[in-house]
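Two complexes follow with chain A in common, the first pairing it with chain B and the second with chain C.
After this line comes the complex of A and B, so read on.
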């Protein structure tokens, strides 16, 4: 009987080994998925952009020169740089849209960066543990609000309040859209800054106290500078999010591609232009390729800013681990 | 002014930023709850819209959102969990720089090839992690473009070419399936990062004990690692799903419909969506004041849905954390 048992045992061993090898293969393939899709996203967004550079027919309507250089006749910059891709003579200057994107992003960051860092500094250095337990879920709730809800709130509620308070000519403008964008950026700035601030070793603080510094002096002049890379990274990542945010700006930005430096004019961002116009565009037309060109632009900008942000965070983590040990 | 007083003022100023954030959240939620909760009646959540979206309820949008979220989870959660398991269980824990140093220091000693393979594997893990981080940062509208360019215009059209009679379009257009695939991609990073964090909470000793008893790596993962990190993985899944449930930009051109008189019956159907409905009601309405109650009601339902999901995720996580710290 013994040999038969042995055979059964061996067969089971082989089965276990095979099962293990199968699962190792499965998980390894899954490991490739993220890389493959990042690559595919770039490939397929870029693929639809290529005609801008190669197709003579499409280049007559839209090309890099027309996007960035060409001007119309007119006295003001608003007349000279125009985005009207569907008029009889298509005008496809990207400047009104790029300017709109930058205006909203800057207002958003001007709100979110100071508020986010101040809140992070407060909660990592001064808040009693019990209060900290409250702050974190609150920030998480804010981060969990869908951007379409934030856009709705900016469009229906904030815009009216701001206009009543400051008498803006246009209800929807860069201030209103930027502020709502800022609300959505606060959690990013807060979370990453707070991680960095909490990672600063205790010894830094104790040395500062020993030299007679007050609690605020320690936080402001010792802890904050030590965590400066993380704070910087949080700004960079918030910038990446702001550039790509769509729904808030589509709803609250006023949806007018106007070349203007004024924060009180309505605006249109890259993302909002894609969202608003892709639905009606003829597939394969110059307009279609132009929209994909904007998408590629967004992808590249966010890819660079995210990579930079991640890199800074990683280096900071390594340094802090070194300092702690 | 004494140093102590100046200190107090500065700290109060910092604290006021926390109060500001809290105030924003309270005003936002309060405003929506105040105007929205009143609208949510039985009729509102069980009836389709009427009179050109000016009256009626949001039943098709609720069903569409639910169907989309379920399909998305089926795609995103298993894939995300598998990727995280690969990253955490199958790649060297010591990281790239250390693995490479060990390989370089091993000159002339046996087992050098293995150390080299370890370094390569660590390199792959580093690249994958940065790909995941970058995927998380890709703007949601670019996901929408990708869904249109890849899923619909590339995969869908090619399926049509192979299976449908010429001229017929079934797969090569916006649908529940393609929208769910696009959203799944968007939520993938959230699931991966949260699952990896959950796997990290399982003590290394347990894995080693299991391997020492003769279990294969898969058996260790199946019987030791996964049961120990299940609640963390669940949290990651729920947080990812709640993020996906609220996103509108990726589904704008991949299948969301303005108005449909019927419910989606197949994955190739278009669908209505709560978030998209909010966008339509607030930007396309001929009479904003008249649609406002409906709009508030829809926003309330959407917000309640995402908050409930979020809350569930956070509660499970807090519980797990306190259990671990004990």
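After this line comes the complex of A and C, so read on.
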């Protein structure tokens, strides 16, 4: 009786091991596929950028010096730094486009970060549970709005409201584009911050109440600092999304490559330029390589910001643990 | 363990299904290649200005010739010409003539000369908001406005307000035409807001009381196309007669391009587009027929 029992057991054990190996293999392949894809995309983008550094023919029209240093004649910076790649004398300064990207990103973050964090504080600390059940899915639904719809709404509706209210000279400007972008960023900031705030242990709150702090003091001075790594992580992710966002800015930003620090001027972003001009460009031309250079630039910016963000978050988490122990 | 077994079997099943799917697809594609020779779609790509026109022509053509399929795509004249050179379309539609080097490239890659085939005339309108008091501008004034030398409407007989510029992105034939014929190959000012398509320009000017933009006049709606004054001439408003007889300064031809070695189904469509029947359709859509040209 006994040996048969053992054989069944052994067979089961072997099957279990085989299944385990199969599933582990499947999942690790899936993981590696994602990594390999990102790597290949970067490799492709970078490969198309290389002529900027090596090809003499292309360098006559576009090179790193022309992108960042060269100036035209003119009284204002708008005239001096110009993106005009298809003109008879191509001008390929990237400053108007980089400035446009930064303006939209900053306005978007200035709107989305306070709103997102405040909403997260409200729903995790102040809202009655039943209200919370409603707020969370509704804000997360905002993330599901396609950016082309958001862009169209900003183009047709928000732009008119803002112009009527503030009398802007340009209907489509950095404020309008940044605001529309902000709407797309709020759910990112909110979701991650909210998760972080909810994860703060009850003990923190109870200790604070025991010391006589009000609800607001507890939320603002105890819970929010304790969740700082999560809140900061949400800002980093929102920044990454803002830099790469295309459709909203293509539609609501006015798409004029102007070198200007004014928030009331139209703007054009790196991603929108790639989207608008890639369709027409002659493959292998200087203009084509320039667009890929912008793509690489975007890649590098998000990569660096994400890495720095991760480092800061690690630091904050360590300090938090240090403070707790 | 039951769960694991189920996952494994699902995986296996899905792999099997994918494998089957692949084989099926393969079969249909080979079948298609054999039977499709008669009704392989004619593909056309290019000028956004011409999309409405070519689309209507294609519909009518397909109605008249059952079995023929014509696919029309926009993207801008430059996009269409690039596609013709790359060999991904049968015909390119363009609102500007192909440049010499483009023709050469296309001829080398397609293995035969490229045929230039005008199918209609179009007036390029300069649009202002309906509320604008400005009735006409000279070509030189328009040039200065789009180059940023004239920045206030009061310099050209309008109210004291900054001029807001709208234009097309640089893949557009309309952009090229305007740059060549109005700006005399100069640059647009960076403050020109580039929008995707003439319809977007019209929409923006319609909402902006200080706006000015340009585009094919077939699209004009809720904006006013101003009269244009060439040097030493009277201001001329765009209309069928002024565009057709060439007195309106900004009239242009709209072209189809195809390699002379193109199969008969392609050339047949191009030839049909200039028959009186098709030209009547051209007028209906808001463009101007060829045969009344100078």
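Heads up, the rule we're going with is that the second predicted complex is superposed on the first by the 276 of 325 C-alpha atoms of A that agree within 3 Å, B and C clash if a C-alpha of one lies under 4 Å from a C-alpha of the other, contacts with A are read in each partner's own complex, and residues count from 1 in each chain.
One rule holds for everything that comes next: a contact is a pair of C-beta atoms (placed from the backbone, for glycine too) under 8 Å apart; a residue touches a chain by one contact, two chains touch by 3 or more.
Bear in mind the structure is a predicted one, so any value in this text is a computation, not a measurement.
In the overlay built on the shared chain, the residue A:169 is in contact with chain C alone; chain B does not reach it.
Legend: residue contacts after superposition of the two complexes on their common chain; A:263 is shown touching neither chain B nor chain C. Judged by the number of chain A residues each one touches, B leads among chain B and chain C. With both structures placed on the common chain, the touch criterion links A:145 to chain B but leaves chain C unconnected. Once chain A of one complex is fitted onto chain A of the other, the partner contacts of A:88 are limited to chain C, with no touch recorded for chain B. Within the superposed three-chain model, A:279 lies in touch with chain B and with chain C [touch as defined at top].
When the shared chain is aligned, chain B and chain C each come close enough to touch A:19.
In the superposed pair of complexes, A:106 makes contact with neither chain B nor chain C. Once both structures are placed on chain A, chain A residues 16, 19, 23, 26, 250, 279, 283 are touched by chain B and, in the other complex, by chain C.
By the touch criterion given at the top, residues 15-16, 19, 22-23, 26, 78-79, 82-88, 91, 96, 159-160, 169-172, 250, 254-259, 265-266, 268, 276-277, 279-283 of chain A touch chain C in their complex. Across the complex, chain B meets chain A through its residues 3-4, 6-7, 10-11, 13-18, 20-22, 24-25, 28, 31-32, 79, 82-83, 85-87, 89-91, 124-125, 127-128, 130-146, 148-150, 153-154, 185, 188-189, 192, 216-219, 221, 242-243, 245-249, 252-253, 275-276, 278-279, 282-283, 292, 295, 299, 302-303, 306-307, 310, 314. Residue ranges of chain A in contact with chain B, taken from their complex: 16-17, 19-20, 23-24, 26-28, 30-35, 37-38, 40-41, 44-45, 47-48, 114-116, 118-119, 121-123, 126-127, 135, 137-142, 144-153, 155-157, 183, 186, 190, 214-217, 220, 237, 240-241, 243-247, 250-251, 271, 274-275, 278-279, 283, 291-292, 295, 298-299, 302-303, 305-307, 310. Residues of chain C that touch chain A in their complex: 1, 4-5, 7-8, 11, 75-76, 78-79, 82, 86, 162, 164-165, 169-171, 185, 187-188, 190-196, 204, 207-208, 210.
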